[in-house]
Structure formats: structure tokens, C-alpha cells
Amino acid sequence: MSAELTVTRTARLANWNVAIIAITVLVLIVAAATVDSFGTSRNFGFLVLDLLPIALVALPMTLVIVTGEIDLSVASSLGLSSAVMGYLWNANQPIETIIPLCLLLGAVLGAVNGFFVTFLGLPSLAVTIGTLALYRGLAFVVLGDSAVADFPALYTDWVTGTIGGTPIPNVLIVIVVLAVVFGVVLHATPVGRAVFAVGASEQAARFAGLRPGRLKFWLYVASGLVAGLAGVLWTLRYSSARADNGAGLELAVVAAVLLGGVSIFGGRGALPGVIAGVVLLGALQNALRLSDVSNEALNVVTGVLLIVSVLAPNLARSVLQRRRT
Amino acid sequence: MAAGTPVLRVRAVSKSFGAVAAVREVSFDLYGGEAHALVGENGAGKSTIVKMLAGVHRPDSGTIELNGVPAELHTPADAKAAGIAVIYQEPTLFPDLTVAENIAMGRQPLGRFKTIDRAAMVRQAAQLFTRLGVSIDPNRPARGLSIADQQLVEIAKALSADARVVVMDEPTAALTGVEVERLFAVARSLRDDGAALMFISHRFEEITALCERVTIMRDGRHVSTELLAGITVDEMVRKMVGRDLGALFPKQDVTPGAVALSVRDLSRDPVFKDVSFDVRAGEIVALAGLIGSGRSEVVQSIFGVDPRDSGTVEIAGKALRPSSPKQAMAAGVALVPEDRRQQGLVMELSIERNVTLPRSRSLSRLGFLTGGRERRSAREWTERLTTKYGRLSDEVGTLSGGNQQKVVLAKWLATKPTVLIVDEPTRGIDVGTKAEVHRLMSRLAAEGVAVLMVSSELPEVLGMADRVLVMREGRLVAELDRSEATEESVMFAATGQEASL
Amino acid sequence: MTAVDLPAPRRSSLDVVLRARELGIVLALVLLVAVTTISNPRFVSGQSIRDILLGTAILAVLAVGQAVVVITRNIDLSVGSVLGLSAFTVGTLLQNNNLPVLPVLLAGAGVGVVCGAVNGVLVRYGNVPALVVTLGTLYVFRGITYFWAGGSQINADELPAAFLDFGTATLVGVPYLVLLAVLVLVVTGVVLRNYRMGRELYAMGSSPQAARLAGIAVGRRTVGAFVVSGALAGLAGVLFAARFGTIDAAAGTGYELNVVAAVVVGGVAVFGGSGTVWGAALGALLLTTIGSALAVLEINQFWQQAIVGGLILLAIGADRLVAVRVAAGLKKRGSHVS
Amino acid sequence: GGTTKSDTAAGNTPETVSAGTKADPNAPLKEGLKIAYLPKQLNNPYTDVEVGGGKVAVEEIKGEYKLVGPNDASASSQVSYINTLIQQQQDVIVVAANDPNAVCPSLNQARKAGIKVVTFDSDAAKTCRDAFINQASTQGIGESLVKMASELAGGAGEIAILSATPNATNQNSWIKVMQTELAKPENSKLKLVKIAYGNDDDQKSFTEAQGLLQSYPNLKVIVSPTTVGIAAASRYVSASSYKGKVAITGLGLPNQMRQYVKDGTVKKFALWNPADIGYLAAYAGAAMSSGQITGAEGEKFKAGKLGEYTIGADGEIVLGPPTEFTAANIDQFDF
């Protein structure tokens, strides 16, 4: 890589992070100004609830992708966690036992991914496509096609409720806490330094005394754990445990992370950008739906945004270079 | 000799990579029926010239003429079509394809309906190998070939092209004497058939044995082109380096202290076997040998980035667990690896992050890093090593090679090692920096650090080491004291035969 | 220079192992069919086999295209959406409109070619990773189909009988769809194995830098691979329309993961450079057969997905083991000057 | 300790949102009511017919018609749409629930916001809607399915059911009635060998039909109480060697089934007029929104061309008995 290239790459990353946050803010302002009832506090609550699963799962996914791997099994882990939650609830287990069990289950599912990727050295794309099918299948095995409802109102109300009399949804606390945790870990701890180093060059990281395998393993565990949590919250939000909960969410999560400026090749990315990416997708979806634009338009917007988020900086660079010579 | 017009003329070509001017206004001619050597220190720009001839890089200015006509070599395919065959310095094989396919890629013999005639393809490969006198199974995949075999396949590839110009960038670096002889026999027959050869090597005996003419480069510039008959090796070296070599190795004399690093019966199949030696505090011990003799693997195994099958490693009498660089670091070992692009540095991270990467835990406060302490520490160490850079937050990949090497050194010196292992510490850095690195190693040794240095540069080995250990094919074959170590004795041990210099 | 006696080049053991890799799938398949047949002999009846082959045909065509892309160290996640778009295009063309089959096939493939070209150009000239591009176009192509279809559905009774016949009719007992899939498979397989172009695709996947240095037109080949994958996905759309007769905008949703699974199970390495379309097609056959067998074996249908997932892990795990063993074997077998 | 299911077995505490207001049967129907339809998913021909009827009715009462919905039949995406409808302050939401419980909290939020919720096609939990339009009485449909199956099987033999999803509320209640019917002495020779689930997915139903025929060589009748299932099964059988040997019946749309009735694959099947469901739902919602009814048992309201309806227990409004379609009458219907 030539010196010139690398200079512009740093600049590009910084620019994209700023750009995506700016675009997100802009979209929020425009939507609030032009779309009826977008800016209401009630809509804010709906928006946060709709974002919840993607926002949560995107956090560890960011770290996983920065290390140069990927985890496509998250939505299936979410589904399995939800299914097991329903199963245990049907089996008359106390919810206070079920929730930790579901989190543990998520961590175990993540550990299985981590085992295949780090100990057996298999490509994570293939492994997590495998576990995507496996975990979803197990979810159906556990709960079949039925739905379990009647979760205690205390819990379901908390998930859908707001803090005291404020319009701030309770689950926003969960998102903010986890975002801060993952953000601090990624950007202000030795672990975070290791994440970037491993993603940019696994070999160089090894020569610096880091343990890429172990790091990745624990990131997969974290990814599974958060997916398990997302499964619990999903179940409580809809008060419905189903094996197909969250199906297809993995692509939306990956899209949000990439939109947030994380490089699919690893080594680059920042958490604020990812959060902006999540909010941007969610806000667009919400605003378009409120303006009676169909779902399908949203698909197109998501796809185009995703491609443009990587394409635009590339094009800008080549234009700049052409002008210089 | 050199009758008629040149087959290929290089006219005032220049090429820069960002701030690095790799090649500046270099001109020379290649004639049919002649072998032309290109010499220069590491980083002088030789490979860059090769890549311009191969169509990989486009010259920033200057032209390349083929048979008197300016050639537009935009892509490797253009160069191929123009009859230029290239053996690159780093092997460029397709690991998943068979050896025969690797050789024939792009010009496979065709049978009916333009399908590939596999039998003919394998036959061709086998014939080429016969000509080179090696036995490599044409049907095996290229993955897993040793460096030497990979180089042989590259040579076969170039031979199969029937090219008018054959460019060889250090083709012999990984070959043994016999293989080199075979290669030369083939090269001479090519030359006698009228091809123009360009040959790059750091071994002068090879150059004098094969070539008629030599172009000398220094720091990207053309120094001179001469007939080899009219120049001695000493003169060549002086032109290459630009000064006398003596001053390069400022070794201070030190009385060695206690044993700091002790290695016993270290083995790792199939790379090295039963390696035992000690390094004392204050001593500089060089590990010499031919490329591929297993030196890097030994030091990597000591540091723990590579596993070991058996044997022990002790630091100041305390045994190190295998495969744990962390423990090695805690025990005071530092390894400056040979490949700084892949192993030494994370090119996409900033200078400060690279310098502090092994120490990020100790720099953190309550587990958190705010950047300030990292920056201060990075500034301190890069300044100590007089590293030149714009800002500490620049990507380390933007630095010049020598400064990158300094960053690697800073990164490891900052861990305050008691045992410093350096693998090819001066590869690809300019003479000035080289001397600085040597001074630094001397000073560290004088301060009581045990230094183990792997180097392929004989003058460096002879100039710096208190003791020289020589490896051949994965075994430690000689231990020479500073007084016994000469070019002849080291080469003899390294090759197992009389050196022809 | 001394003349050297070389032993005649023999078949390398790796070739044998590679064969064994596909053999492994065949064995698994045989085992599965045997067990299922013992429990219900009707599993090997003509109708049942025909049904499995018909199911495989569509997946296999997609898997062949995917294999071509994966061999070049890329991936195409948009195939399910391309299938949907093509199926709906064809359905609209045919709606109360009696066209012969051939132009319809070409139209479907044409839709795919356009989609594939978009992917290829973005990957190659936009310098965007294939995963990102095709994840994006997965949404975009599907969105376009939904826009166009707007919730309408094309039913069997609106399609010409000739076209529906094409979906079910057979030639000496073999359905046309299956013949078409086999044709696609053989042509792609032969091109990949026996033509320079095919070998260049492997070379690109095996080492992109080396491919550039070897003068391979990497850009053109990359776009080409995506166009092939798109065209085959388009073709699969026509097959889909002919077989199921009912087309809506959701046709082929989620297929991408099945297709990638088939390719991976079939032994095509996700990092490019190795694997064959035969393996990919066998992977498709195996996955389809598992689906049918589970229904016949009265195994809870819910197990199906879990079993497929487990199988993918098994396949790539086994593949890895073989690769490690082969690599170890090869290292010990270095050449020596004779 | 802890909260277990048995602690909450009583279920969601009923929301008393509509209590307090009293029905005024003579209140005029309001004009300009915003009535939104949210079917299970958008591109389903059956629901298209249903909501088509709704559109006609909304125009008759001079309301504002709106159709929204997900492309996949998932409960979670329906919730987002309900939330959107709340934001847009609709007057009536007519919804077919993908999951009776998952949509509940949102529907209740809608009701708190003064929106009347009418379910159709597939009911939500009773506590979170104001009325449910039932296409026909559960008992009636179950009986009629068994009657048709028995006729087609000649009174004896193996039959199988190809249903939608295993938790589809309608299908399950019909199947329950069928099982009670089959247990009666007059049907003792009919043997129900399997209930398969095609998930209301065309392809899945197709494959399931295929699997049934392979597993049960003596199968005489496939009963599919869902329009997607019956069409897929008919298509499979009509092109396979089973044609003429295995009969298909169940609930289907005449337009979708016409081809198979004509080619003899299908002798008879049944259905109500789905357009009437949507039509009735609009009037029920409008009547409620105008204060004519509150959803209590026994209240009466007028539903345009369909005449007068009475609300049954649990807010259920039954459309009427299903129609049987055969080769003789099928050409008289177009939906």
C-alpha cells in the first residue's frame, strides 16, 4: 500500500464516521420537520423499540467484524433463546431462572461458533452460515411452530414501558449501557487495541504477544450472549416466544454495521458510526412507514445505502487522485 | 559482444511511491545474447525496475523501448505479450493449482475444441524440470512447496515462455549450489540462443560467473554500467555503498555476564532439530546461515509465536512455557521479527498504537486507556530512536522503510528487554540508519542486554557478533568465535562446501 | 548438464483425496437413501425420485453459479432476489400470453445477466467487497420485485399450459428441468476444468496478486463470474416459475443461504481457488434429499434445518481435516535435486 | 420463588378500555372514518379478496380506506405497522393477527388511543380487540370438511390434513371439530393418518403434499383447510401419477381452483365469500366508531348489502355458512 493511499484511508475513515453521523442527524431533522407525528414522544418510544434488537446485536458484531470475522448466526441465536424461554415458561419455570439461563444459552451458542472459528480455524462465514441453520432448526425443535404467550406483565410492561413519567423507553437504558460498555472496550481498553490489531494483521498481533484466537473466541461468546439477551427482550416485548423470532435479522445487523463505516476486511471502524448506522436505518424505516411509503421502498433504500457507504468514499478518492495528477 | 541495437532500452525512468523515490532517472540497455547484472543494496530500487519492466508499475517518467520502439507496458499481460518473462523476488504461485498448471497458466497447450491438453501440459512441465535437473511432481499442487522449490517453479515458468527478455530478481536466493549451477547452465543456453538476460543477486560470485555487464544502483539512482571484465568486486561494492564499509559496525567490546538465554535441544519437525546454545548478558550472538536454513523459525519458537516439538528455553535460569509470547515478554524477551510488514507492524494502525501495542495493558490505568499515556510513551521512544514522522497518529504504513524499522525497534526496546532477539534487523533500510541500528545494538549490549541477531548479511554478522552460530538445513553446524569467524569459515559452515569467493 | 531420469509423472494423491471429498457426499447420499428406503420403500419410487430431482434442479443451477463466484474468492448473496425478479418477469411475460419456452428461458437469464453485471461492476470497478455489494443488491433487487409486483400473484391458471408442461414434462422419464440443470452443470464444469478461462478463475481465487502478475484480465473475469452467477439465478427463476406455477414477489426469499450451504457442503472453499461445480451440485442434491427423506422418515420436519446446519459444520470441518492432512503430507514430499 | 406461568395463568388481565360508553343503536354512521386494513401479509390472493371487500364497504360509508402490511407473515412486523397506524390516528384498525398474543400490547395501545380494533380471518386474544369477524362458525366448517371428505372417500379409508401453520388459530379450531366429528360412529371407517403443515407457503405446502403421498400409499383424501394448501396440493396431484386416485378437498378460492376442478383433480371444496368478510368488518368497525355498538353480546347493527348482524359471545360476529363449489357451479363465482 503506498503512503499516499494509506493517508487518504485514515482520512476516509474519519470522514465517513463524521459523515454518517451527520447524515443521521440530518435525516432525523428532516423527518421530524416533514413527517407528521415522527417527532412525537410516543413515536420515539416505538422507534427505540423497533431498533432494540438490531442495536444490541450490532454492538458485539462490530467488534467481531473489526477482528476480520463475521457472525451470521446472531438472529438464530436470538430465535433459539426466545424458543427456550417459551419452552421453560411452559414448563412452569420461574422467569427469574429462565432469563439467566437464556443468557447463558446465548453465550454457549457463541462459544460453539468461537470454537469452530478459532480452535478449528474454519472460515467464520461458512461456520456461522452453518450455525445459522443449526440454531434456527433447534429453535423449531424446541418449540415447534407454536407460540408461547402470557409472560408476566411485570416484565413485558417494563420492556414496553418508559422511565417514570418521561417519554424515555426503559429499554433505552439497556441500549445505552451496552453501547457505552462496548464503546469503551473497543476504544479505550487494551482489549480494544487488540481487536483493531488482530483485525488489521493477525500475524503482527501474534508477534506482539496478543492471542488472536482467544480474543475472537470471547468476542463470539459476547456476540452470543447479547443475542441471547436480545432474544429475551424480543420475547418480552411481543409477549410471544416463537422459534421464528428475529428471522433474517442478521442481514440487517450486518448492513447497519457496514453502513456505520466498519470495514468488512477488519481493522477499521468505530462504534459511534455503527450506532449512527443503526439509528439511520431505523429512523428511515419509521419515517417512510409513517409517510405510507411501502416496505419495498425501504428495502431498496437499505441496499443502496449499504453499497453507497463503501462506494462513495472509493469514488471520492479516485476523483481526488485524478484531479491531483 | 553486445553487437547491434539493444533489445531493451530503459531510458531515464523514475518511480516514486508516495514520498519514497524508489527509482530516479535510471537508464541502461539490455542486449540479446548477453547477461546483464543489476546490483545495489537492499532498497536500492532493483525490484522496482523489474516491476516496471513487467508492467506491474508504470514509470512516473521515462520510457522503456523494445527493439527501438517505445513500449507501453501497462499491465503484466502487455509485458508478457512483448516477450518479457519475469521471475519475481517473491514467488507468485497459485497454491491451489498444480505445478504444471502454474507453469502453463495463460498459455496452456490446447487440444480439440480449444480444451486444455492436460497430458501435454504435464509433459511440458516434466521436460522443463528435466532441463533444470529437478524432480518436482507436475501434478502436485503448489501449496506446501518449499521456498526453493517455489523458486524453481518460477524459473520453469519463465523458461516456458520462450521470451526475448528474461528478468530474474534474486532467483538464487533460496537455491543451493547444485541448483544454482543447473540454473546457470539453462540461463547460458538461453543467452546463447539470443535472449537478453537481466540478473539480480547479492552474491558477487554468481554475478561474475554468469554475467558480462553490470549496472550498479544506489538509493534509486543509476551509478554506473560497466563490463564485468573491467571491474573488481571491491570496486563494485564501493560504488554500491558509496563509502568504505569498515565504519559501519561500531562494535564495542564487552565482557559477557551470566547466561541470559539458554536453549537446549530445541526441535520442530521438519524445520529444525536439536538446536542448543547460550547467550550471555552483554553478548551479541549472530545466527548465520543461508536463507531457509531455519533461523527465523528457531527464534520464533524461542519467543513462542511458533510452537516447538521438544526442547527447553530458559531465561536467566527460568524455563519458558512453549507457545506463549506473553510469558516470554514478561520474562524480558523481545523479538524484532524479520518481516516488518507482516509481522513487525500493524500497517493500518497509527505509529503510537504500534509502539505501545505490546504494553497496552501496563499503560492502562484501572484497565482503561485514554490515549495520553500511550502518546507520551510513544513519543519518548520514537524520539530516542530519532524516528522521522509527521504525526504520531499517522498510519505506520506511511513511513519509509527505515523509519518503520525504527518503530519496530522502539516498540520492543520500550518493553525494556533483557534478551533482545533481532531477525534481519537492517533488512531494507538505508546505510545511515543501518549504522544507527548497529550502534544501538552495541550500546544495548554494553548496557548488559543479551542480543541474539539473525542476519543474512555476512559483513554485518562479522562486524557485530561476539560469536557466530551457523545453521544449515535446520541444524546448528558451527559455533565460531569472533576471532575465528571469516567470510570463508561462515560460508563453509553454512553451505557445507568450500565457498568459491 | 547431466541428463536426469524422471519418474513418469503419476497422479498426485491430492487428486485422489479431492475425489474422495466428493465421494464423501456421494456416500452420505447413498447412506441416506438406503436408510430411508428401508423404512419406506416408496422413497425410491419413480415419482419420488422425480420430485427430488426436480427440487434439486433449481438449487443446483443456483449452486453452480454460486460456485463459479466463490471459486474466484467472491460471494453472491443476491441470487435469491435475482431468482425472484426473473421469475416475476417471466410470469408477467407469460401472463395470458403464449410464448415458446426458449425465449422465456433467455428472458429470465437476461434479467439475471443484468443483475449479475451490476454486482460485478460494483465489485470490480467500485472496489466494494462482494459481500457488501451483494448484500446490498439482495435488498435492492427484492425491493424492485416488490415494487413491480405490488402484492399481486401470478397463478398457474394464468400461465400457458405449454410452459407449465415444461415444468413437469419428461424426456424418457427425466424431467426437462433436470435435463436443463444437468446441461448447465456439464457445460460449466467442462469450461471450468478444461478451458483457459476456467482455470484463470481458479487462479484468481487462489492468489489474486499472482493472478494480476500472471497477466490475467482479473477485472473482466470477475465481472464475468458475477454475470454467470446472475444468468444462472435468472434461469433458476424460470425453472422456479415452471415448477411451482405460482409466482409472487417473495419467490426465492432466503435462498441465498441454502445455495451457499450447498456450495460449502459440496466442498468449494469459501476462500476461493478450489472446489468443483460437481461438488456444488452434489451438495444441492444432498440438501434436497435430506429434506425429502425427513418428510418420509416422519422425522419431525423441524429437525430438518438443524440437520442441514449440522451437516454444513461437518462438511467444512471434514474438509479442513483433509486439507491439514494433505498439507502435512505435501510438506514432507519436497523435491530434491536428483 | 419467582414468577412462573401458573402465577399468571389467568392470562392478560382484560383491558376495560371500551367500558363506560354505552351503545346508541340510533346513532348515525359517521362519515370520513379512517379505516385501515392490516392483513397477515400483503401478497396473498385470499387476503387481497378480503380487503377488496373492505374497500368497497369503506367507500359505501364514505370513509378513508388504507391498506398496510408486511411482506412476511410475521407478528413482529405487524406490530410496527400497528404502531404506525396509532401515530396516524386511524379510527378503525381491521387486523388479521399473525400471532394472537404478540400484537396484543400494541392493539391495546391503539384502543387506549380511541381506535376501534376489529379482527378478521385470524383472531387476536379476546382481551385486545373489540370484535372478531368469523367467516363461519367453527362447528359448521369442521362438519362440512368431514362431510366432503367422507363423500370423496366413499365413506371409508385413510385421509390426511394439510393445514397452514401449527399455531394458526382458525385451522386448529376447525381441525379440533373435525377430530370430534371423525370420532363419531358414522365416520368410524375414516382414518386420519396425519396432519401436515405447509405454513401457508406455496412451496412448503407443495412439498408437504408430496411427502404425504409418498408416506401413505393408501391415502384417499387430502383435506386442506387453507387456500394456499389446497391449491398447492391440487397442483401437485394434477401433474403427478396420483391424479384420479387421491381426492383433494378443503377450503379454496374458486379462481385458484377452477383449473383443477375442470381437470377433475378436485371434485368439491368449500368457502365463504372472503370479500364479505372485509365488507362486514368495515361496517362493524364503523358502527363501533359511531357509537352504534360497543361490541357487547346481543347488540345489532346493519352491514350494507349483507343485512343485519348480531354480535355473539366474546364479540364474535359470524358471517354465515360456507358455500360448496363443484364443477357445476364454480363458473358462477369470480373471486
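Just so it is clear, A, B, C and D label the chains in written order, and each chain counts residues from 1 on its own.
Rule of thumb we're sticking to: a residue touches a chain if its C-beta (ideal position, glycine included) is under 8 Å from a C-beta of that chain, and two chains touch if they have at least 3 such contacts.
By chain, UniProt protein names: A = Autoinducer 2 import system permease protein LsrD; B = Sugar ABC transporter ATP-binding protein; C = Autoinducer 2 import system permease protein LsrC.
Note that the structure is a prediction, hence the values are computed from the model and not measured.
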Third chains touching both subunit D and subunit A: C
Which of C-D and A-B has more C-beta contact pairs: A-B
Farthest chain (mean CA position) relative to subunit C: B
Centroid spacing, where centroids are CA-atom means, of subunit A and subunit B in whole angstrom: 44
Whole-Å gap between the CA centroids of subunit C and subunit D: 39
Between subunit D and subunit B, distance of the C-alpha-averaged centres to the nearest whole Å: 75
Separation of subunit A from subunit C, taking each centre as the mean of its C-alpha atoms, in whole Å: 30
Where subunit B touches two or more other chains, by residue: none
Touching two or more other chains - residue numbers and ranges from subunit A: 144-145, 248, 295-296
Multi-chain contact residues (two or more partners), subunit C: 146, 249
Chain-chain contacts as defined at top: A-B, A-C, A-D, B-C, C-D
Contacting residues of subunit A [partner subunit C, same complex]: 116, 120-123, 125-127, 129-138, 140-141, 144-145, 243, 248, 251, 254-255, 258, 264-265, 294-300, 302-307, 310-311, 314-315
Footprint of subunit C on subunit B - complex, ascending: 54-56, 75-81, 86, 88, 92-98, 100-101, 105-106, 108, 110, 114-116, 122, 125-126, 129-131, 133-141, 143-146, 149, 152, 176, 178-179, 182, 185-186, 270
Residues of subunit D touching subunit C in the complex: 42-45, 48, 71-72, 197, 202-203, 206-208, 210-211, 213-215, 217, 231-232, 235, 239-242, 255-256, 258-259
Complex interface listing, subunit B residues touching subunit A: 17-20, 305, 325-326, 328-329, 335, 337, 342-349, 353, 356-358, 360-361, 364, 367-371, 393-395, 397-399, 411
In the complex, subunit A residues that touch subunit D: 36-37, 40, 42-43, 46, 50, 89-90, 92-97, 144-147, 149-156, 160, 234, 238-240, 242, 244-248, 286, 289-290, 292, 295-296
